[in-house]
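Handing you this structure, nothing more for now.
Letters A, B, C and D mark the chains in the order given here, with residues in each chain numbered from 1 onward.
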Amino acid sequence: MELWFTEEHTDYAKFSFKVKKHLYSEKSPFQQVDFIDTYEFGKVLLLDGLVMVTEKDEFIYHDMITHVAMATNPEIKRVLVIGGGDGGTVRELTRYNTIEKIDMVEIDELVVKASREFLPLTSSKLDDERVTLYFEDGIKFVEDKENEYDLIIVDSTDPIGPGEGLFTTEFYKNCYKALSDKGILVNQNESPYYERDAKAMLRATGKLKKIFPIVEVYQFHMPTYPSGHWLFGFASKSLHPIKDFKPEEWKKFNLKTKYYNTEIHVGAFALPTYVKEMIEAGVK
Amino acid sequence: MELWFTEEHTDYAKFSFKVKKHLYSEKSPFQQVDFIDTYEFGKVLLLDGLVMVTEKDEFIYHDMITHVAMATNPEIKRVLVIGGGDGGTVRELTRYNTIEKIDMVEIDELVVKASREFLPLTSSKLDDERVTLYFEDGIKFVEDKENEYDLIIVDSTDPIGPGEGLFTTEFYKNCYKALSDKGILVNQNESPYYERDAKAMLRATGKLKKIFPIVEVYQFHMPTYPSGHWLFGFASKSLHPIKDFKPEEWKKFNLKTKYYNTEIHVGAFALPTYVKEMIEAGVK
Amino acid sequence: MELWFTEEHTDYAKFSFKVKKHLYSEKSPFQQVDFIDTYEFGKVLLLDGLVMVTEKDEFIYHDMITHVAMATNPEIKRVLVIGGGDGGTVRELTRYNTIEKIDMVEIDELVVKASREFLPLTSSKLDDERVTLYFEDGIKFVEDKENEYDLIIVDSTDPIGPGEGLFTTEFYKNCYKALSDKGILVNQNESPYYERDAKAMLRATGKLKKIFPIVEVYQFHMPTYPSGHWLFGFASKSLHPIKDFKPEEWKKFNLKTKYYNTEIHVGAFALPTYVKEMIEAGVK
Amino acid sequence: MELWFTEEHTDYAKFSFKVKKHLYSEKSPFQQVDFIDTYEFGKVLLLDGLVMVTEKDEFIYHDMITHVAMATNPEIKRVLVIGGGDGGTVRELTRYNTIEKIDMVEIDELVVKASREFLPLTSSKLDDERVTLYFEDGIKFVEDKENEYDLIIVDSTDPIGPGEGLFTTEFYKNCYKALSDKGILVNQNESPYYERDAKAMLRATGKLKKIFPIVEVYQFHMPTYPSGHWLFGFASKSLHPIKDFKPEEWKKFNLKTKYYNTEIHVGAFALPTYVKEMIEAGVK
C-alpha cells in the first residue's frame, strides 16, 4: 500500500517516506503524538507532525547531545534533561557510571508512555535508579534551582508549540542559575540552512551569548532532519568545548559509540564560513 | 501552479521541491539533461532526473572538491577535471593564480552548453585562458597520460550511466600514472548513509586503496543530495591531507570562501565512528 | 500530520488523499487488507493497496450493483453474491422482502471480519437470516450449481490477484448454468477510460457475449475509482435491462435510494460513443 | 525525470500526473496561464494552476457543452460563447453549417494566443469566417445585447478569479435579455460531489431558476476534473432539453462525435437521487 508520510521542510521543499503502519495517534494536552513504522527509518516518533526520532538515525542525535559535554567535563555528576521524552538522551547519560543523578523533566507524559511502548531502543534506561522523571513544565522546574546541576540538556522540539518557552532569555537565565560553576548547557539549536531554522538558531544563540561567557555551536549530520545539517548549542560558565576538551579522560570511560568520537568532537565545532559569519552577524 | 520535482533517495524515501518553471529538457547521446527553476534552490541542473547542481548550495560542493587538495599542496600547477560540466569546479580552480593549466574533460558537450545558458554562476570561468575543454571520454583521455597533472578531480555523476567507468580500478590506475609524484586525486564519493550509496563509496574506496598509498574520505553537508551527508575521496601518491596540510600557506591565497575554511579542512576528515568502521570493514 | 494514501491509477496518474489514522493492516492468505480513516472519504477499505470501499461513496456502487437487476426482474428470489466481503451488496439486497435467499461466497474471511469492525455501515446486514456466508472460492462454489439462482452478482476486485479467476470464460459458463431461465449476472466491469482498465472490461465483455444472449454494460459516477467513470456488466439468459425494465413495479418496493432511480436506470445504459465503439470492436 | 503536476481537488484529496515538459508559463493581467505536456493526458492547459483542457478528454467536455443545445434546437443560428479561450467549444459549433454567426468573448487574449500554439486540436476553428473574437469582459459584452443570440454558452472557469462574475444574477439576467424567444443558455456548472463544487453549482442553479422558466442540470464523465462527475446547466426561455429534444433532426447533421449521442443526451439529464434532492433543496 502506498502510504507516505510527508514533512514540509519549507514551503517549497518536502521530505517523504513510505509508511508500513501507523502505530499510534493521540492528542495530548500539549501536542499531537504519532508513531509510524517505516520502511527506510524503522519506527518514527512524530510530534505535531514533525520527525523527532527515528530508529535509524537517533544514535547520531543522542551521541552528539551528550558526549560532547561529557568529554569536556568528565566529572559531571548531576544532570538535568529538559524534554527528551523518547529517553534517548537519558539512555546515553546512564552509560556513565560517574553520573549520580539524572532529572528528566518532560512536560508531556504521553510521549514517555508511548515511547516506552514503541521505542524501547531509546526509552530502555528511563527506569535506571539514578533517573527521576518529572512530568511538568521545564521552564517552571528550573525557576527555583540554584547550583544544582553540572549539565543541563535542553532536548526540545522546535521553538513553536510546547517547545517555545525553552528558547527564551528568561529560561536561559534560570538555567545559568541552576548550573554549578563548571556548568554546561547543551541545547537543541536547529539548522543553519533553511531560513526559518537559521533564524531560530541565531535568536537562541544571541540570547545565550548575553548570559553565558562561553557560547559555541556545533554541527552533525542528521539525515532525517531538514537539510541534514543540524546544530546543538554549547554554553558554559567556564569550560570551553575545545580548549578544555579531555579526549584521553573520555576514552577511559570505554564507551562504544556509533557516531561520536574524539576527532568528531573537534570537527563538529569547525563550522562552515557562512555559518560562522551568520552567527557573528547575529539576527538583524 | 503545483509543479513538483521529486528525487527518490531510496525506494522508500523521496525529496521533492516546488518548480517555478521547467527551463530546458534535452536528451544527449549520454543522458537526459534538464534545468528547472525552483522556489527553494534557484536553478537546478538534473542529469537523468537526479539533482547535480543547485544555485543555493553548489558553493558547498565546489569549495570542498577543490580547496582541500589545494591547501594540502598549494604548489599544484596542472589540474585535470573529469566531468564537472557545470563549470563550478573549474571556477574555483581559476581563483588560484598559481595554477597554470586546467584541462576539463566532459563527455557530454550538451551539459556545458546548457550550463553556460542556465547556470552562469558556475560556468562563468570556463573561458579562462588557462582552461582547455575536451568533449570526450575521461576514461580514454587519461589512458596515455604520464606525470602530467598535480591534481585530478573526478567530478562525476553516480556510478550508474555515463559515470560508471569513472569508478573502476583501471581508470584509477591510469589516474595514478597521469599524476606527478605529489599527485592528488579527489573523487566524488557518494554517501555513507543510504545503503546503495554506501556500497558505491566502499567499492570506490576499496579500489583506490589498492592503488594509492594514501586514501582518505572526507565529508560535508550537502542538503540537496540524499541524506545531506556527502563524501569526497582523497587519494595521493605521497601527501596526507592532514599531516601535510598547510593552512598558513593556503590563507596567503586570500580567497574568500563560503563553506571551506582551514578548520573545516580538518573537521571534514573526522568521520563518524560508523563510517570509519564501514570503511575499515570494506565491502563484503 | 501529513500522512497520505496514494493510488496509482496509471503509471502516470495518481490520486492521493489525506489519512487521519491507519486503522488496520493484516495480510490474509489472499491479499493485503487495510482500513484507513480519511478526512475526505471517511473510512476506506483497501485490498492490495487499492481503494475498494469508502464511506462517502459506497452508496453509489452498491445501489448500482443491485437495483438495476432488481428493477429488471422484481421477482428475483434467490441471489448469489461472489466477493463483496464488505457487505454493502448484501445490505442492499436484504432491503427486498421478496428475496428469500442470499448466498454470499467470499474467499477471504478476513475482509468480512474486518469490515464488521470498521465498516458497520456496509456490513450491517450480514446477519440477516436469509444470508448464508461461505468463506470459500467462488469459482469452485458455482461449479456444481444448476438453476439455483435468479441473480448472481460478481462483486470482485480487479482481474489481478484473487479476483483473476472471476474474469474467466469457465467461471462465466458455470454462472450461466447456475442461473435460472430468467437469470441475470451482474459483474464488476472496470472502466473504459484508462487503457489497462478498458482492456480488462473488453476482455470480460467479450467472454460474456459468447455465453449469454443478452450482454450490456452500464456506467455510473464513482469518484474514488480511477477516472470516476466505472462500469458494471449485465448479462442475462432472457431479460433485457431496458426492454424488460419494470419501473412501476420497482417503485412499489418503496425503497429510498441515494443514487439509483428509475431514470438513472435508463441513463446508465446510454454509453458514450467511444465506449460503444470500443465494445463493438472488442479486444484486438 | 520525476516531475509531477498536482491539483488539489479538496484540502484532503489531490490528483497528480506526470509531466514531460513544462511548455509555457505566463502571467496575464487576469490569471496565470500554463501549458504542460503530460504522459497520460497529452498537452494540458492550466489556468491559475487548475486543469482546464487536456488533449485526452477535451472531446467529452466540448461535445456536451454544444450538442445538447443543438439537438434541442437544431435551428440555432446565432451563438455567443463567453470564455472558452482554448477554442474547443467554437470548434464543435463550426461543425454545424446552419450556424451563421459565432461571437466568442474571451477576457484573456493570452489564453487564445497560447492555445493556438499549444492546442491546435481545440483552437483549429477560431479562424472560421463565421467566428468573431472579442477580447473583452463577457459580463460587459452582454449588457446591451437584446434578442441577438439563440444560444449563449458560458464556458467559464470556476467562480473564483476572472470567472466569478459569470456566476452572478445580473449576468444571467443580461443573458436572458440577449437571447431570442427560443434562446438557450448552457453554463459550466461545477460538480455535485465535493462540497465546495456542489455549493457553487447550487448557487448558480438557484439564480438561474429565478430568471429562466426552464432550468435543468446535466452530467457527464470528465475524468480530469474533480471527482470525474461534472455538470452543465441548461436554461431556456421556452425549450425543454428532453421534451423538445429532436434526435432525428440532429442525426441529419451527420456529425461524428466521440462522446455525445442521442441516448446520452437523455441519459445525461437522469441525475442521481442525491443530486436531484440537493438541487430541490437549494442552497441553505
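Structural remarks
Just so it is clear, a residue touches a chain if its C-beta (ideal position, glycine included) is under 8 Å from a C-beta of that chain, and two chains touch if they have at least 3 such contacts.
Values in this document were obtained by computation on a predicted structure and should not be read as measured data.
On superposing C-alpha atoms, the copy subunit B sits rotated by 180° relative to subunit C, to the nearest 5. Distance between Cα centroids is largest for the pairing of subunit B with C. Centre-to-centre separation of subunit B and subunit C, using mean CA positions: 57 Å. In this assembly, the C-alpha centroid of subunit C lies 33 Å from the C-alpha centroid of subunit D. Annotation: 54 Å between the Cα-based centres of subunit A and subunit C. Residues of subunit B in contact with at least two other chains: none. A complete list of chain pairs in contact reads A-B, A-C, B-D, C-D.
Listed in rising order, the residues of subunit D touching subunit B in the complex are 1-8, 19-22, 25, 32, 34, 36, 46, 48-49.
Looking at the complex, you find that subunit C touches subunit D at residues 10-18, 38-41, 57, 59-60, 193-194, 219, 221-223, 227-229, 257-261, 263-264, 266-274, 276.
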